[in-house]
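For reference, the structures are reproduced in the following blocks.
In the two complexes below, chain A is the common chain; its partner is chain B in one and chain C in the other.
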Partner chain A sequence: MNTVLWIVFLPILLFVIGTFMLGYSRKYVARIERRYGPPIQQVFYDIFKLMSKKTNISHGWMHDFAILMLLGGTLLTMYFVPVPGFHFFAQYGDMLVIMYILLIPALGMALGVGETANPNGSIGISRALMMLAGYDIPFVLTFIGFAMINHTTSMYELIQVQQAGGFAGWGLISQPLLGIAALIALQGMLGEKPFEVMVAPHEIATGPMTEMGGKFLGIMMIQHAISIVVELTIYINLFLGGAVNWFDYLLKLFILFTALISVNAVFGRFRTDDAVRFMWKIPLPLAIIGILFIIF
Partner chain B sequence: MSIVSNLLLLTLLGVLLNVIFYKSEVVQKYISLIIFAILTYLSIVMYPLVGSHFEIPFLIAGQHIGFTITYLNYYFALMITGITLLTVIFSLKFIKGKEGNTHYYTVLFLKTFGMLGVILSSDLLTFFVFWEIMSWSTFALMSTGGEPAHRSAFKYFVFAVTASMILMAGVILSYSLFGSFDFAVIHGKMASLSLPMTGFLLTIFITSFSIESAVFPVHSWLPDGYSNTFTTFTAYLSGISTRIGIYGIILFLFGVFGIQTVDKLGIIGKINFRYVFGIFAALTMIVPTFTALYQHDAKKLIAWHSVGQGGYMLIGLASGSALGIAGGMFHVLNHMAYVVLIVFAIASVEYRTGTTNLNKLGGLIKKMPVSYLALLFGIIGLAGLPPMNGFVSKWFIYRALILGGYPFLAIAAVIGTLGTILSVYKLIHNMFLGQLPERYNDVKEVGFSMQLPMWILMIVVLGLGVYPGLAMGLIAKIQVSLGLAAVPYALHGIKAASGQLDMLVVSAVFIGGIAVTWIIYLLGNRRKHVGQYNNYAGGNFLNKSVAYNFNYEFYAALEHVIDPYRKKIIERTERGIASVTDAVSEYIRRIYTGMINTYGIYVVTAFVVTIIILKELI
Partner chain C sequence: MDEKITQRSVWEKISAKLSKRSLWMLHYCTGCGAIELPPTMTARFDMERFGINPMVTPRQADILLITGYLSVKTLKRVVLTYEQMQAPKYVVGFGSCTINGGMYWNSYSTMKSLDRYIPVETYIAGCMPRPEAIIASFNELINKIDRGEANSWKDYYNNYNFYKENQEHTFEGPIETYNDIKADAALFNIK
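What follows is the complex of A and B.
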């Protein structure tokens, strides 16, 4: 019964958290830039407006289905990532499963955007995939190292191992090199500056979103809100000792997110090749050195 | 006796009938269809005979020609006959009226004959004889399809002859060591062999099979050879032909030598024979996969992936754990299913548009939705994303590598997967997505006989992804029969102490997620489909004469990053190997001076040396 309630309310809960986080991020960046910024619930208004648009333009059935694959894949990932009090699905799929179901929404979007036949969209996808090759290699490497020390690939067990060790047991404290490498990779995964090459409004007219409008864009925003929370939760679970209760969880989410958007607020955008090169020159060697420490 | 000889005789009958009726394409195709259907049926009903041994009642050099049915070769026989049947069904329309198709089915039968012989043989001599038949028919398959095919088939020929010579050296050496050709006898006497000799013998066999399965430094024959021939042959060759090399490796590593013997072959510390093998496998995953990114031809792109995916199978076998070996074997089946599916989709596009050039196609999703769906299923499998089959076997391999303590081999697997995702998106985008060129406006979907194999393979790719237990049952039996630990499998995944996998739950949650999204989607107003010229163009107007597409140099920025490494490491190494081979060949060539008195001296020397050796022996 409890599980059913979680299954029903978890998406709604994470959606609300994610939307407020996006609103908070807009406000936070605005204050840094000495603007007033939109109200914190602005993202809700945007989604509501987009969902109730009268005309919704689509370029074909893959375009329609892509949007289902996008949010569907994100919901799938969300259920497999443990949050405090809910880890029912952790027994059916480990961190490796999560690593690869994380790519389903990206693939869905890529296919849909491809069908819109807009070169800006295609360039955005090409950039997103190249960026994926950049950040995913160090990120997965840190996970491999962390899983190897603890002899498990289950995310839930990794949380328990960390919590048993107290504060010193946190991944970031016990394996600082891996933790830092994953943190930089996380910035790329969230697509925040300086790794915001995929959207790049001034260069490619928001890339994948160019031909997305109305309810399509609305669902993309819902997905964005949930996926940000899920990706941050993965980092919290792997390197910040998971979360004991919801207060702990929200606090960690808030601190981590603030740290990342602070970087986002003061940086410009890398060129795509520089972004990939950065990922392979800084976090990747860090992760490799971290693993060499584990082996020897 | 009956089924094995029936299988082999039927394929020979197929060769014969096709040679007789070489003028009539219609007769050829129905004969082939019927015989391959019977062959598939026979290999399915072979199951109760597993464990039996047959001999053909005449002797060659005092040796019986022996065949045996084990779980391992049952698995491979099923794959061979099944995929050949699908290839034949697909070919019925595809090769109609194509130039050089006279001997299409003949070489297909010959190749199947060779492969079935190799996998069913129970001794080294039979194995070698059929291996030769198989190599020659591969050469014949590759050389159909015009001048470029001849050239690239010749490249294969050089490699295949080298591989055969190495294999022959291994066969002779093991006969002189063990006094028998029989696999079981050799396996029994293996423990008495000294370790350096075991290592030497194993290296000989593995080198030979590595050439056939295109492991990294000796892979260069494959991409050209596979992509210049008929597209259906590309499917057939990359689906099953290369994997006979993997069969050889499985058989010799675990069946003939045995994992205990192989594990004794240590070099330094943790670095042992398997580990070195794993490093080659890792290079096979990374280098060809990233080479695939640069390709502009769909067939060539897939041919490079066919090299790269072999690395996954090998690295799974090299991991040495039950999970890894199961992953490696399972990946052979999975790879066959999705790669053939992908190439069939490419062949359909080629059939309708006449090209596989990725820079010239685009937007075909509107015209060929079934082929698009086939390619989509195939690339999700190839990229290894849930819920398709490729994910499951790759999951086994990643997990075996991580828990076995091989982090760098594991990361090689991950790098390979990322490279795969990138290049397969380029493949599907440039063919089916983006702008549809005007010249393809009246392209139609392919007919039923070409769709049917694609639908079957789509079901296989998805079915094995959601219910991996269907194949894992057989694989677990193979593992037990080879003296390995079996994987604790369930119908939809793996039951392990930590971090299980249940593909049914993953797929169900995914479908649930899609359903929820669909409800949200329906809450909005109805969507309207618009044409491709109704598009954002920065305020400009689009029409038929405007090319509004992005597909040329799809990953320019990434190529910019990789290029220096590629030039420095790969090209320099290849040039180095080439110049060494050149120099050695030049020395060998000098033996043939072309002067009669030099040859006379050779003959006399050889005679004297032989007499001395004979005297020593007697």
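What follows is the complex of A and C.
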């Protein structure tokens, strides 16, 4: 019964958290730019407005279907990532499964944008897949290293191990090289500056979102809100000792997100090749050295 | 007009209250006015306070801000852009040139009155208007949406023949756009 409640309400809960976090990030960036900024619930207004648009031009059934694949992939990932109080599905899918299904949204987006046949969209998708090659390799490597020390690939067990070790047991403290590599990869995964090459409004007109209007964009924003929380939660579970209760969880989310958007607010954007090169020059060697430390 | 407003259902009123807080703006700046927009967006006047953000593609935008004069060539692009936007969409004419031709009244190549080609929601008079005027007109637009009066976008679907005739008269021939406006109106049930 409890599990059913969690399954029903977890998407809504994470959506609300995610939208407030996005609103907070807009306010935060505005304050850094010495503006007043929008109200913190602004993203709710945006999503409501998009969902209540009167016309929604579709470019074909693949366009419609891919949007659902995008949202579905994110929701699927969300269920496999343990949050405090809910780890029912975590026993069926370990970290390998999560790494695998994390790619579904990107592929869904590629299919849908391909149907819209907009050149900006195609450039955006190719950039997104380039970035994926950039950040995914360091991220997977850090995870492999982490699984090697603890002899498990289950995310729930990794949380247990870290919490047993107290503060010193946190992944970021016990394996700082892996932690830092994953932190940089996380910035790329969230698509925040300086790795914002996929969206890049001033170059390629928001890339994959170019042809998305109305409800399509609304669903993409909902997906974005949830996926931000999910990706941050993966990092918290692997490197910040998971979370014992919801207060702990929200606090860690807040601090981690603030750190990432602070970087976002003051940096420009890398070129695509520079971004991938950076990912392979800094986080990748860090992760490899971290793994070598573990092996020897 | 009054009857229409009283006919609004509760849901439409709530919907207007919420969606007026989020308007995304596509600015079409081939006239002179583009220089007034950076101060409107940045720290001095900060229009993001009202939920108005610059957007880069017509599909995502709600407001089409036309700054200044349009020549025959740019008008064609504006019509194409306007038809790609998703309704409800609002056109804001910026500067005297969009209202009556302004100081280009005698020019052979510019359009005089924008609202003969696409339905315009609000105008900003002035040559050129200051950021205060832009913010004021956006506030007026927000109030209009709240009152349920910002319905000029429906004209384009309902009186499409009028607009198309004016466009074709100016372009001296049929204009090829990528949207079938009448089919869209039927498909999305716009009255």
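The definition used in the following text is that the second predicted complex is superposed on the first by the 296 of 296 C-alpha atoms of A that agree within 3 Å, B and C clash if a C-alpha of one lies under 4 Å from a C-alpha of the other, contacts with A are read in each partner's own complex, and residues count from 1 in each chain.
In this section, a residue touches a chain if its C-beta (ideal position, glycine included) is under 8 Å from a C-beta of that chain, and two chains touch if they have at least 3 such contacts.
Keep in mind that what you see is a predicted model, and the values were worked out from it rather than measured.
In the superposition on chain A, A:45 makes contact with chain C only, not with chain B.
Once the two complexes are overlaid on the shared chain, A:127 sits against chain B while remaining clear of chain C. In the superposition on chain A, A:54 makes contact with both chain B and chain C. In the superposition on chain A, contact of A:117 is made with chain B only, not with chain C. Looking at the superposed arrangement, the partner reaching more residues of chain A, out of chain B and chain C, is B. By the touch criterion defined above, A:217 reaches chain C but does not reach chain B. Of the two partner chains placed by the overlay, chain B and chain C both lie in contact with A:205. With both structures placed on the common chain, the touch criterion links A:13 to neither chain B nor chain C. Applying the stated contact rule after C-alpha superposition, one finds that A:36 touches chain C and leaves chain B untouched.
Chain A residues in contact with chain B (one complex) as well as with chain C (other complex) are 52-57, 120, 205, 210-211, 214. Taken in their complex, chain A has these residues touching chain B: 11, 51-62, 64, 67-76, 79-80, 89, 91-97, 100-101, 103-104, 107, 110-111, 114-120, 122-123, 125-127, 129-130, 132-133, 136-137, 140-141, 144-145, 147-148, 151-154, 157, 205, 210-211, 214-216, 218-219, 222, 271-273, 276-277, 280, 291, 294-295. Per the touch definition, chain C reaches chain A in the complex via residues 15, 18-19, 21-23, 42-43, 46, 48-49, 51, 56-57, 59-60, 62, 84-88, 179, 184, 188, 190.
The residues of chain B lying in touch with chain A in their complex are 363, 365-366, 369, 372, 376, 380, 383-386, 391, 395, 398-399, 402-403, 405, 407-408, 410-411, 414-415, 418-419, 421-422, 425, 428-429, 432-436, 493, 498-502, 505-506, 509-518, 520-521, 523-530, 532, 534-536, 538, 548-551, 554-555, 557-558, 560-561.
Note for the complex: chain A touches chain C at residues 26, 30, 33-39, 42, 45-46, 48-49, 52-57, 120, 201-202, 205-206, 209-214, 217.
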